[in-house]
Each structure stands twice: as structure tokens, then as C-alpha cells.
Amino acid sequence: MENSIKRIGVFTSGGDAPGMNACIRAVVRTAIYEGKKVSGILHGYQGMIDKNIIAMDSRSVSNILQLGGTILKTARCLDFRTTEGRLKAYNNIKEEGIDALVAIGGDGTFTGAEVFSREFDIPVVGIPGTIDNDLYGSDFTLGYDTANNTVIDAIDKIRDTAASHDRLFFIEVMGRDSGCIALNCGIAGGAEAILLPEKETGIDELIQKLESAAKDKKSSTIVIVAEGDKNGGAYNVAKRVQEKFDFYDAKVTILGHLQRGGSPSSFDRVLASRLGFAAVKNLLRGQTRIMVGLRGNDIVTTSLEEALRSKEFKLAEDMIEMTNVLAI
Amino acid sequence: MENSIKRIGVFTSGGDAPGMNACIRAVVRTAIYEGKKVSGILHGYQGMIDKNIIAMDSRSVSNILQLGGTILKTARCLDFRTTEGRLKAYNNIKEEGIDALVAIGGDGTFTGAEVFSREFDIPVVGIPGTIDNDLYGSDFTLGYDTANNTVIDAIDKIRDTAASHDRLFFIEVMGRDSGCIALNCGIAGGAEAILLPEKETGIDELIQKLESAAKDKKSSTIVIVAEGDKNGGAYNVAKRVQEKFDFYDAKVTILGHLQRGGSPSSFDRVLASRLGFAAVKNLLRGQTRIMVGLRGNDIVTTSLEEALRSKEFKLAEDMIEMTNVLAI
Amino acid sequence: MENSIKRIGVFTSGGDAPGMNACIRAVVRTAIYEGKKVSGILHGYQGMIDKNIIAMDSRSVSNILQLGGTILKTARCLDFRTTEGRLKAYNNIKEEGIDALVAIGGDGTFTGAEVFSREFDIPVVGIPGTIDNDLYGSDFTLGYDTANNTVIDAIDKIRDTAASHDRLFFIEVMGRDSGCIALNCGIAGGAEAILLPEKETGIDELIQKLESAAKDKKSSTIVIVAEGDKNGGAYNVAKRVQEKFDFYDAKVTILGHLQRGGSPSSFDRVLASRLGFAAVKNLLRGQTRIMVGLRGNDIVTTSLEEALRSKEFKLAEDMIEMTNVLAI
Amino acid sequence: MENSIKRIGVFTSGGDAPGMNACIRAVVRTAIYEGKKVSGILHGYQGMIDKNIIAMDSRSVSNILQLGGTILKTARCLDFRTTEGRLKAYNNIKEEGIDALVAIGGDGTFTGAEVFSREFDIPVVGIPGTIDNDLYGSDFTLGYDTANNTVIDAIDKIRDTAASHDRLFFIEVMGRDSGCIALNCGIAGGAEAILLPEKETGIDELIQKLESAAKDKKSSTIVIVAEGDKNGGAYNVAKRVQEKFDFYDAKVTILGHLQRGGSPSSFDRVLASRLGFAAVKNLLRGQTRIMVGLRGNDIVTTSLEEALRSKEFKLAEDMIEMTNVLAI
């Protein structure tokens, strides 16, 4: 099987994440080192359909290791959900001589990759690239660590001004279904309270915490709200809190897309390099429809089918318990 | 006159700004070096009225040079606008033995200081501390440089994701009346367009620029909107642009209070130290009702009266002209 | 057993590491939350001998989560290696009412803790705090992630100037016996070659790599040298390379103690909080002479005896293999 | 005169400095906006001699605003000091159609440019680009502000570990003839003492300061040493201090080339853009053999002859005086 692969196509899809470039670099250089050719597919699945494909060599990935974003760009692509779209995509990559794929992205990316690989019998390996850390099969996804560092840098800055004015800040962070960033950064940022999609927190319970913090004369008070919190986002939470509790002047910050950018952290650069390296190695070993991931300090593989079907509750019990303890 | 001052009171008032702590440190240590005593007044004018005043020595300002915010805290104070409030404040500081003041803040702070100094014949020197850079009498105000660095760091991160998705970003920065941060960071961040309070930009004119950028295949497109822009903030601008121009998917980021925090830049730490040093030196030389400031590389003084009355158009002509040239 | 503990003593010992303050905070607040009292022992074991011990409450650890270094200070202590020293230490902490200990540090710290705990039958839990990541029983030690980020930030800066001048840079990083930082940062920084204590690299082999890089017209060339590399440090390596290979102008940078400082990364703050929380919980559950650590995403415990006796080869095979592949 | 210029050549020469790329971008885009063509000369004067010259358009400077180093590379060039070298250079640029030059660099760069411009009657405008801030005619040179921020970031990190161990650190910063970085960063970093090339400080005087700091129980003690200090660099100073004063364990850090790299600060990006813009505008207005610079908030010009002949003492008096006051 190994010998049959001649040209690997690599692409990024879904939301971009810091470390994607480091990962592309690892895929390209590992493939070339192994004697294979590489094509970069631009704008994810859309680029397959539009035949927006470029040849890549070692130098095309020079000096990208440290850059945020993705040089291959990314897009969401509706056409690829249709049989016609995928057929067109297949014909295009076939014409380019691409006979194996490395797909960097999240859930949606892997769903497309799984179907495509079955339909056209083309080998594919997935790499978990999303700041949300919401995939089964890897302790961490690419970009998650960098996003956490970006968020705590923002929290540290906001705490300066919160403490100077005795103000209460509600900071909304990314995570529609996953509270990973919120929980992690809430602890790392010393937040008073953390609102997660996975766990309902009533407004009264929140106010009780804030009242107790105010009584203890804490100098700054920060509440982290995950995008997907059931109370409807930081603006709503702030409004409802202020109706009943006006000890502090409350302010809201929505960090938004800031969280997707930035030079990847050391952790994400190494993870990106290891996953890119492993993806190519596994493809050449004849593996297909798998995802590469990190467990402890080891690179492991999971079938895409299992990765897509399974759920992993990533919020460590001790961390949830801690949120009530460390802010006293 | 010099010998008559025994104890200097220092306080921060209005919005906090990075560098205020470095400035407090310089005031305290210079005064002590000169054989004077120092009191820190907490929460600005409110602390005078509430007699929230602490004695300070060299060690009370150890390890604060690099911290954002202000250890003396700040607040807006309505009571100080009344004669009764100021009388109470005066009696309190008199009881504490404070016979001269250093006031760190902006317009509002200086207005209060000017009136108070006249009413009770107490010497006062003002230090321009605000991220807005909107004061007459100094090329730069404390915190402005740090805020600019914070904003361009955010723009750099957002550009990563903007470029990966071919997206258009509207980023709102602080500046209700002053476009300093917007103009400076628009140029430093390579923005396509910059909307300033001082200069009206029509939505059609803006769309024309964006169309031209799209035609030139620019990889990312960022529009900086000052808080005080006449079109009504970034959300409104984005909405009106998208109604007529849907080439890109548009996103909005409001940087908000993030801009007030953070460890001060080298520039702000040095400026803070020089202004704090100069404020005490001038007080001891018998000066009063003046503001210390930076002109070129020199520390200068301006009477508070003139500083409050005068307007300085701080947007350099060449910078405004450049905005149309550098984004081509 | 749980009920018998009344006052926990916490200290940091050996080289300082980012995250130690976040860890002290977690220990203090968890203990207080559980109804226990806490004392801070200053300067590690030296503070026990000198009775340099302070009472701590929730507020004594406010606003330290984000600070590098350790507020409890650290020192190396020869007296504690003697029976007399340890007896004096024991009498002092007994007088203070301390009946259990949390020791934050590395190998040397744990050796002392193990002996002391046996001699005087005092419960002790160790927390791995060292940037070297050279302890058995935890995938990562406190401060390691932050040190890696500091190093890659430096490499990124040096690459700017290396690329502008077509220069060759030798960068020496910490690690007398452990190549963890060198290997990790070499990969994360895109180094041409990485010299590790665990693996000999001959000068000729190194020159061959550099010649090949020069031929491929790589724009910058960076060699990472671990402190403990057998060739004798970056200056020696550079000198010996330049004798035979003068294609580039070579420069040396020794990062030194820079690597120990800085605000802890999100990863280290969370790790610090979890380990501090777990240390107290384990003490109160009657555990002693154990170390708490991280395996995958779980907090685990190892006996100090095993931790001190065992060796863990922390350089992942794939990472070593990668170093020859990714720099092509 | 304006109409006669058809193609502007731009190059960077001497040591690289953050902001050079932002400056190249401004030169290229301003020239194109004004209807001129632009060539980039690689490796400074060496590229003229080797005819290493590329055509540039608006897109060739996309996404470089935020990058450290210089995409045009830089080198020191001995051949250009000979008449033959310069003649060859002139013939090469003539063949490329270049009829005006923008030279970005320091003293040496300007000396070459002045001679070359006179010999071959080719218009040239210089832009001060060096982290040393040692040029007459501009309050600040390109890269100086960024270098200062890099240095204080390092000092802040080192202070963490210095304070944790009660250690004394000697930090050597760039500046062979100019103490600008040392003085500025010594104040911004809260150093105990600052050794400058412009002002001799005896070892005994230094020890006296350190003794007094030790007596005052300052928690960390940092001495900044400029490269060009008369005592012979940080290693020598440390050695001589330790011979007489062993209260602290002393450590040395040489920041080295780290100081040249990094993404330019907001200040440097704006300065770079303004100077690049002004250089082209002045060339097109018929100016030659001038340097553009910043005075206060204004862009000014100075003849190269005057810039090269004049000395400017850039260490503000108050800053020198402050060094004895603020560290108490």
C-alpha cells in the first residue's frame, strides 16, 4: 500500500486555529522526506470543487511555523455535502494526481472526509485542528493551548482595570458546546465564577457568589461566560445580575475572533509538528479513515468513525470542584 | 516656598491607564529623596472626601513599576463638584498634614484640581494620565503607547483569522472625541480604512475603498472604527456596509476595556518616571496649577488653565494623508 | 488521620519556576476552604531552620496567580542535609503548630522531604516544580511550558535577525541533564539541529547538516544547544563549527535565567492550581510521602521513594526522529 | 525635478532593526501611489555591486508590516568603500533604470549614500534605522522603541527569579557608543544602577549603591550594563563587584541579538510608515542628500552632511539624575 501513494493533498477546513501552519509544514516536509509529492488544496473542500490546488515543496512552507492562521486558507463548503459536489472534487484531485489526503480541521471536516474516503476509496488521515478542544480521540486539539494563552492575557489586562475601579467584568469566551476554554481560563485567570454550556448555573447562585466576594473585599471580580452558556451570553448574564445586584459597576467584554489568531504557543507548535508527521507516516503505512491525536505524551490513532460517534467529557472533575474553592 | 511643603498627597483619578503605578512610584521616591513625606489618597477625589488616605514610603511602591492599573485605585466622584464636598476634602487632607498635591489623570481630574487649588490655596501639579492622548500640553499622555501596543497585538491576531477566511473585520477602539488610537493603530495595523471622530467618512466612500481592496485581492481587510465615529460605532458601520456590499463575510470586534490594562511599555514607564519626578521637583520649586508634559524629548510645563482651555489637534497631517496611500 | 492535621506548612525550594505562586495560592485556599490553617515557610528549608515562617490567609495569596517567581522565595540549604539542621527545623515548625507539609520543588527538594518525613513522622506531599521537566511521575512539571514559550519567543526574535543577515545562530537553553527544553523548542522554533545531553552529536555530523542547509538556501539557520550537551556548551560548539565551516557568520546567545521568569502560561497556571489542590486533598486523606503529578489529563500520585528512584526518558521517539525530517 | 524620477531603489544596510519592513512597505506603496516604479536592492550596497535587484509592487510588501528583520536583507559591504565598487554599483542600478535611492540604515549607511550621491549625482534620501538611537536629526530611530520593549520584557522576567533568590543580576544591553537603551531600560526596568558609555561609574561607587540597596532590603537588585561601558562589559563588572561584595549571589545575562528582533511596536510601525512616506515625498519634491527624522510629533529633514557631522547627546539630564533617585 505504501508504495502506491504518489501525491498527498493537504488542506485546512472549518474554523482556523493557531498551529495549522506548523502542521501543514510538517505534513509537506515529512511527505517530501519520504519521497512523495505534495499538493496544497486551498479553501478546504471548496478548493477541491474549484480546483484551487497548488504544488508544494520544502521551501513553500519556510517561515510559516510561527504564523497564526493558515496559508492554505479555509472555508465552509455547502457543495461538498452533495454527491455532485464530491464527485466534482474527486475528479479534480484525481486530475492533479492526488491519491491520499490529510485533512486538518474539526468535526465537520472529519464527517466530510469520512464520507469522501468511503465513496471514492481514497485514503485519508484527519488531524484535530480547532481551538474548542471538543474532539474525541485527543487530549488536546491544535490551537487550544494558544487560545487559552490569548484569553488569559486578556483577562490579566482586564483585571488591571477591574481592580483599579472595583468593577465587575463579564468576559465571554469561545465555546458553543464546549466549556473547555471557559473552565481552563477561568481557573488560570482567577475568575470568581465560570458559566459553562455543560453545567447550568442559575443567576441567583451567581449573585450569591458575587455578594460573598464583595463581602470578602476581593479587589477585582471577573466572571467567565462561555458562548454557549444557557443564560444566553455575557450581555444577558450581566443585565440580569445588575438588576438584582448593583454593588459593582458591571462591564462586558466579548473576546470573539481574537481567540483564533496569534503565533502558536510552543505546545501547539510541537503538537502540530507531531500530528503532521504522524499523519503522513500513518498514510504511508496504509492506514486510512483515522484521526491522529495526543494521549498523555503519546501520539495515538482513532478511527474517524469512532471519533465522530463518541463523546468525551473533557472537563476534569477536580477542575470543576476547584472553581468553588480557589476563588475564596 | 520649597521648605514649606512637608507632605505631598498623590492620587489617580478618572479612567485608569498603564503607567500610573510607575508614576506613583516616581512621585513617592522623588519626594522621599527630597526629604518630604508622602500620603497616597485612594479612589481619587472620593478618597479625599472619605479620608481614605495611607502613608507611603519607598517600600510601598516596590515592584509596582511594571504593573498595569493603579494601586491607589481610581473613581469618578460627583461630590467633589460641590463646594461642600471640596471643603470636606480639604479638611481631611489638612488633618493628614498634606500640604501639596500631585494629581494623575485627565481633563476632569485637572478641572477639579484647578478649582480646588484656587479655593484652598494648596499647590497642585497635574500629570497627564489617560490612554486617549487628548490633552493639550504633552505630545503623549501616560498609557497611550501601551494601549496602542495592545490594540495592534489584537489587530495582528485578528488579521490571522481574517486572512484565513477572506473576511472583513471591523474593530472598534477607544476614543470618544479623540481619534489618536484609531489613526495610530490603523496605520500600525495596516488597516484598509480608519474611521475617526475628527473626520467624517461616508459609508459609500468606505464601500468604495473596500471594493477596490477586494479587486486588488488583498488577503485581509480590516477597518478600524473609533468609538466616537459619527456613523455610530463598529456594529452600525458593519451593518450598513453589509447591506450594500456582501463580497466578504463581515465580523465585528469591540476591544473595550482590554485597552486600559497591561504592563506598561518601556515608553510609558520612562514617561511615567520622568513626569512623576518632574511633578515633585516643580512642586518643591514653588510651582503650582501646572501640568508637566513631554515635548519632543523634553519635559515641559503648562498652566492647568491653559491646558484646560486649549485644544491641540494631535492627528498629524501626514498620517491622515497616508491612510489612503499605504493600504493600496 | 484527616482530622489530626491543623496547620499545613507550604514552601518552595530549589530553582524557582513560573507557576509556583499559582500553586501556593491553590494550596493556601484549598486548605482554608477545608477548615485548616496555613503557614508559609520562607526560603525553603532554610526558613525552617531560621524559623522564617509567616501565617497565611486567603488574602495573602490575592493577585499572585499571574506572577512569575515565588513570593515564599527559595534557596538551596546545606544545613538541612545534617541531622542537627533537620532537628532544628522540626522543632521550629512544631512550635509554629505546623503538622503537615507541602513541598514545591524538584529532585533535591523531594529528597529532603522524604528523609524529614520519615525521621519526624510528619506528613508531606511533594509538587513537581522545575522548568527542566526531569521528574518521574508527571508528564509535565510546573514551569516547563512557560519556559518553552519564553525560549521560542527568543528564537523567533533571533530568527528575524538571523534571516536578515544570512547568519548562523547557536542558542543555548537550560537543561543540564535533560534535553526536554532543547528538543521541544528546537522543534517549535524550527531549528536546523538540536544538541541534547541524552544523545551525542558529533561536530562533523552537525557541520554536514549545516552544509546541506546552506546548499538548500535556507534563509536562517539556528542550532539549539542544551546546557548539558557533551560538546561543552554553545560557545564551544560554535567555535569548533567555525573552524571548519565558515559559510555563515556565527553568533552565540545564552538565554540563561531569562528562562526561569515570566508570567506563567495558561497551561502552567492550571497545572499549578490542580497540583496544589490535589496536594492538600491528599494530605487530608491521610496520604504522605507522595508526589502529585499529571498523566494525560488526570492528576495522579506516586510515592516519593519511587519518584526519586525511577528515571523516565521524556524525549518522545517521534520527536527525535522528526528533528531530521522537519528542517529539510 | 519631480517628473524626472521614474524608478526608486530602496535598500536596508548595516544592522537590521524592527520596523525596517514596515518602512520598506511605506516606501514601495507611496512611490507606486505617486506613479513611480520601485526596485528592491538586496543585501544593501552589496546587492548594488552584485546586481541583486528585484522589481517590487504593492503586493510584494503585503503582510510584512508586522515582521521583524528586513525582507531586503542587509549586509556590511567593504567593496562599496572603493571607487571601483561604487562605479560598478552605479552601472548596475543605472541598467535597472533606478534613478533615485532610499537608504534605510545608520551612520555607515549614510556615509556611503552621501558619497555615492555626490559622485554620481543620484538623488538619495536616508531613513534612520538602527536600534541604537545614535543618530543626529531624529528624536528616535527605527527599532529603538521595540528594542527597549524587548529589553524590559527580559528584565521583568529576570527580576522574577532575582527576587525569588535574593540575587544580584548584571544584564548587558546593546550600545557600543550610545547609552540610550541602557539608560531608558534601566529606568523602565527599575534597575539599581546603570552603567553607560557616556559616563564613567567606578566599581566602588557601584558597590556602595548595592550595599545601600542590600541594607534597605530591596527584594531584587538589577544592574544594567551597556555594551560600551568603560569597565569592559557585564562579565567584568560582575567579577570585580563579587571580589569585594558577596552579599548576593551574582549572575550575568547578555541579551545580545535578541534585541534586534521581534515584531515592531506600534510606535516603530508608525514611525517607519511616516519616514518611508516622507522619504519618497521628499525625493519627488527634488530633495536629495537629506535624512528624514522625527522631532516631537513632526517629520523633519536634515542634510546628510549635517547628520553625519553633528553629535546629539540623547541622554536627557533629568533621566540621568533620576537614576539615583528612583531606585531608593
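Letters A, B, C and D name the chains as they come in the text, with residue numbers starting at 1 for each one.
Note that contacts are C-beta pairs under 8 Å (C-beta built on N, C-alpha and C of every residue); 3 or more make two chains touch, one makes a residue touch a chain.
In this text, all values refer to a predicted model and were calculated from it rather than measured experimentally.
At the far end from chain A, in terms of centres built from Cα atoms, lies D. In whole angstrom, the spacing between the mean C-alpha positions of chain B and chain D is 28. As a whole-number value, the distance joining the C-alpha centres of chain C and chain D reads 36 Å.
Rounded to whole angstrom, the centroid-to-centroid distance between chain A and chain D, based on C-alpha atoms, equals 39 Å. Among all residues of chain D, those that touch two or more other chains are 156, 159, 163.
Because contacts link each chain to exactly two others and close back on themselves, their graph is best described as a ring.
Checking each pair of chains for touch leaves A-B, A-C, B-D, C-D. Residues of chain B that touch chain D in their complex: 25-26, 29-30, 32-33, 58-59, 62-63, 65-66, 139, 145, 148-149, 151-152, 156, 159, 163, 184-185, 187-190, 216-219, 263, 265-267, 269-270, 273-274, 277-278, 295-299, 314, 316, 318-319, 321-322, 325-328. By the touch rule above, chain C contacts chain D in their complex via residues 12, 16, 18, 20, 67-70, 73-75, 150, 154, 156-166, 169, 251-254, 256-258, 260-262.
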